[in-house]
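The letters A, B, C, D, E, F, G, H, I, J, K and L name the chains in turn, as written, and every chain counts its residues from 1.
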Amino acid sequence: MVEKTITLTGISANSIEDAVQLAVTRASVTITGIHSARVTNVEAEIENKRVVRWKVTVKCTFRVTESLHE
Amino acid sequence: MVEKTITLTGISANSIEDAVQLAVTRASVTITGIHSARVTNVEAEIENKRVVRWKVTVKCTFRVTESLHE
Amino acid sequence: MVEKTITLTGISANSIEDAVQLAVTRASVTITGIHSARVTNVEAEIENKRVVRWKVTVKCTFRVTESLHE
Amino acid sequence: MVEKTITLTGISANSIEDAVQLAVTRASVTITGIHSARVTNVEAEIENKRVVRWKVTVKCTFRVTESLHE
Amino acid sequence: MVEKTITLTGISANSIEDAVQLAVTRASVTITGIHSARVTNVEAEIENKRVVRWKVTVKCTFRVTESLHE
Amino acid sequence: MVEKTITLTGISANSIEDAVQLAVTRASVTITGIHSARVTNVEAEIENKRVVRWKVTVKCTFRVTESLHE
Amino acid sequence: MVEKTITLTGISANSIEDAVQLAVTRASVTITGIHSARVTNVEAEIENKRVVRWKVTVKCTFRVTESLHE
Amino acid sequence: MVEKTITLTGISANSIEDAVQLAVTRASVTITGIHSARVTNVEAEIENKRVVRWKVTVKCTFRVTESLHE
Amino acid sequence: MVEKTITLTGISANSIEDAVQLAVTRASVTITGIHSARVTNVEAEIENKRVVRWKVTVKCTFRVTESLHE
Amino acid sequence: MVEKTITLTGISANSIEDAVQLAVTRASVTITGIHSARVTNVEAEIENKRVVRWKVTVKCTFRVTESLHE
Amino acid sequence: MVEKTITLTGISANSIEDAVQLAVTRASVTITGIHSARVTNVEAEIENKRVVRWKVTVKCTFRVTESLHE
Amino acid sequence: MVEKTITLTGISANSIEDAVQLAVTRASVTITGIHSARVTNVEAEIENKRVVRWKVTVKCTFRVTESLHE
């Protein structure tokens, strides 16, 4: 049994949690079976003194079932 | 004066903040005087493309008042 | 072109996101052009078993336009 | 749901894997439900030019079910 | 000349070394020319007080020869 | 043979060394056989421009002889 | 909006900067829209007392626009 | 409420503790309300086989009350 | 004797070395006596498959002679 | 009493443990009294999809008894 | 101009500062021109609830003037 | 087969690459077979607002063929 981990950054105007969900949703269009996402960086983009976007980097892990593209 | 730090992971379906509170609440049943909790890891469990649980590891610190069990 | 990064800790009773915004708002009173804030530490202050304050340390970055005070 | 993580060092003359098992076995006498052990340090004790003991530090995690002793 | 590094986790009931080989074997079905694998995490899954699986994360590196899929 | 490591913070008005000794002394009331203490953090509390307390975090290690309380 | 980060190592006989450009050029054959490359490791290969190749590892980040291959 | 953290290095011929106090004293001439100083580096300068100066880097934290100069 | 360390990012189209010099030059307009700059991050900005800017973060250290602005 | 620590990499076709022993054996030809070896890196060399060599970096520590060659 | 850095551990019953000086003194018997020693680890050995020895690891740096023995 | 890694700092007025080559050249006078040098620190010395020297620390690795001097 082998798992693969990839690094994605979800970007959301709402919250840290929302940014994580966004990254997972996008990855799940083509990847089956992501089971965990570990947060490794949280960054806020600021415009006119306001946080306008949360950029949250996550390491997503999923079981390798079919061919592994590289 | 001596403090002790222990490592707990709170698991919540709602948010990162809620998971921290959960860990603190549970620990406070038997430990008196926890005064701080530092977040050291944030992980999301994914099922069917959705974050279903936030697993947040915290280092909880409290003053050692009575006997220290080990 | 040169940027400067400073370390601030926002303290909020509400949420991690709110604490980041607080730090950015306070810094923006005297600093123009903060464009990003990277979270480097998240700590919860506990009183009577409840999280009462989120202390979130951020590294705020802004372009150096005028004189750099030290 | 809350988990606790403790730090143990298993010491074995045989192998790194054996030292991990030893730490888990010893902890399981009094702790129920350890589900994972992450290796954080591996050290070999040397006597007369030979490795005589493997000292392997693991962070053992288990669900908190009953009272949490501190 | 360019190399790529991907992160895989091999899972084996036998040993740490076996888990590394498993990850490499699986990756080699679709990737040609992996030349090194650096261990970055070792975790044991425990059931009934026994280590039942070694989960070993490796960073596998290979030369990029054909098209790079992303 | 199994060892356990716990995290304590000794707080002393005198010196870094004194804070370490304080943590060890306090822990030794209930724990037998602490053999080492590794310093992992040193913090000074300041009041009116003076260091009034040294807070030194140590990881204390001892052999597990009897039951392991958690 | 989601970004992906991959790890590449550019290898050049000339300079550290050249090795970074090489990695980016090679990746750009099949990936559209790489916008940043963070250097995470710099290694020199030595032959007969001379640096003959700079091996520079970079984490390249790009916006995920189409399908994400894994 | 917002705090700021700055990085100073105190240099003393006497001891590590003294170097920390020196950094705090100097900073307190113009900054009001420093409440903590975390040691992040300790270096000894050697001349003729003797330690002649302790260079101790501390991160000093204080509440931001008035304008924040940058 | 006390030193202060600040974090700057120099941005240059030419090279890593040039970006460091740029940060130092800009800081030296208002700060006297910077004596060292330690590189802590190197990032390349990419446009149309080419590195167009090197963003190099440095920690600049200087002796505190007059008043310390915060 | 003074100890010295050196960094060696043992390379073995058999196992991680064997690679550590190899490094210690080789060092012990000319160094007396190595008492510990801490593993700091584990890397596998791959040829034709198989791990052919384990390269294990260890920090070996020994008491300095006679002259220290540099 | 080239410098070399070696890792030593000074062991003293008195203080952290004393342990650093001990390592430097011992190294200076055979090495000329050590100019700095950076503390990288501080450990206390405990016997009967008392700190009996401070083991302080330092990285000593000196200019390479004559032949470099390896 | 055993390799040794030593830590050197090359100091050059020209560039980071040049400083690495300098360290390797100097070490190669007495050490045979250095095959790699990993950069672990880059520091610039500043005089009168200009970078006058690049101090680049490298970990040089070579195969141990003859006696290992300590």
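Convention: a residue touches a chain if its C-beta (ideal position, glycine included) is under 8 Å from a C-beta of that chain, and two chains touch if they have at least 3 such contacts.
Every value quoted in this text rests on a predicted model; they were computed, and no experiment measured them.
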item: Steps in the shortest chain-to-chain touch route ending at chain K and beginning at chain I; value: 2
item: Farthest-lying chain, centroid of Cα atoms versus that of chain C; value: J
item: Over-half contact-pair match to E-J, picked out of the listed pairs J-K, D-J or E-G; value: D-J
item: Angle (degrees, nearest 5) of the CA superposition of chain D onto chain L; value: 120
item: Type of chain E:chain J copy interface by residue overlap (half), same or different; value: different
item: Rounded Å distance, chain C centre to chain K centre (Cα mean); value: 39
item: Between chain B and chain A, distance of the C-alpha-averaged centres to the nearest whole Å; value: 24
item: Intercentroid distance (Cα basis), chain J paired with chain C, Å; value: 45
item: Residues of chain G engaged with two or more neighbouring chains; value: 4, 6, 16, 68-69
item: All touching chain pairs, where touch follows the definition stated at the start; value: A-B, A-C, A-E, A-G, B-C, B-D, B-F, C-H, C-I, D-E, D-F, D-J, E-G, E-J, F-H, F-K, G-I, G-L, H-I, H-K, I-L, J-K, J-L, K-L
item: Chain G-touching residues of chain L, taken from the complex the two chains share; value: 16-17, 20-21, 24-25, 28, 34-39, 58, 60
item: Residue ranges of chain D touching chain B (in the complex, touch as defined); value: 1-6, 59, 61, 64, 67-70
item: Chain I-touching residues of chain H, taken from the complex the two chains share; value: 4, 6-11, 22-23, 26-27, 29-31, 55, 57, 62, 68-69
item: Chain A to chain C touching residues, read off their complex; value: 15-16, 41-47, 49-51, 54
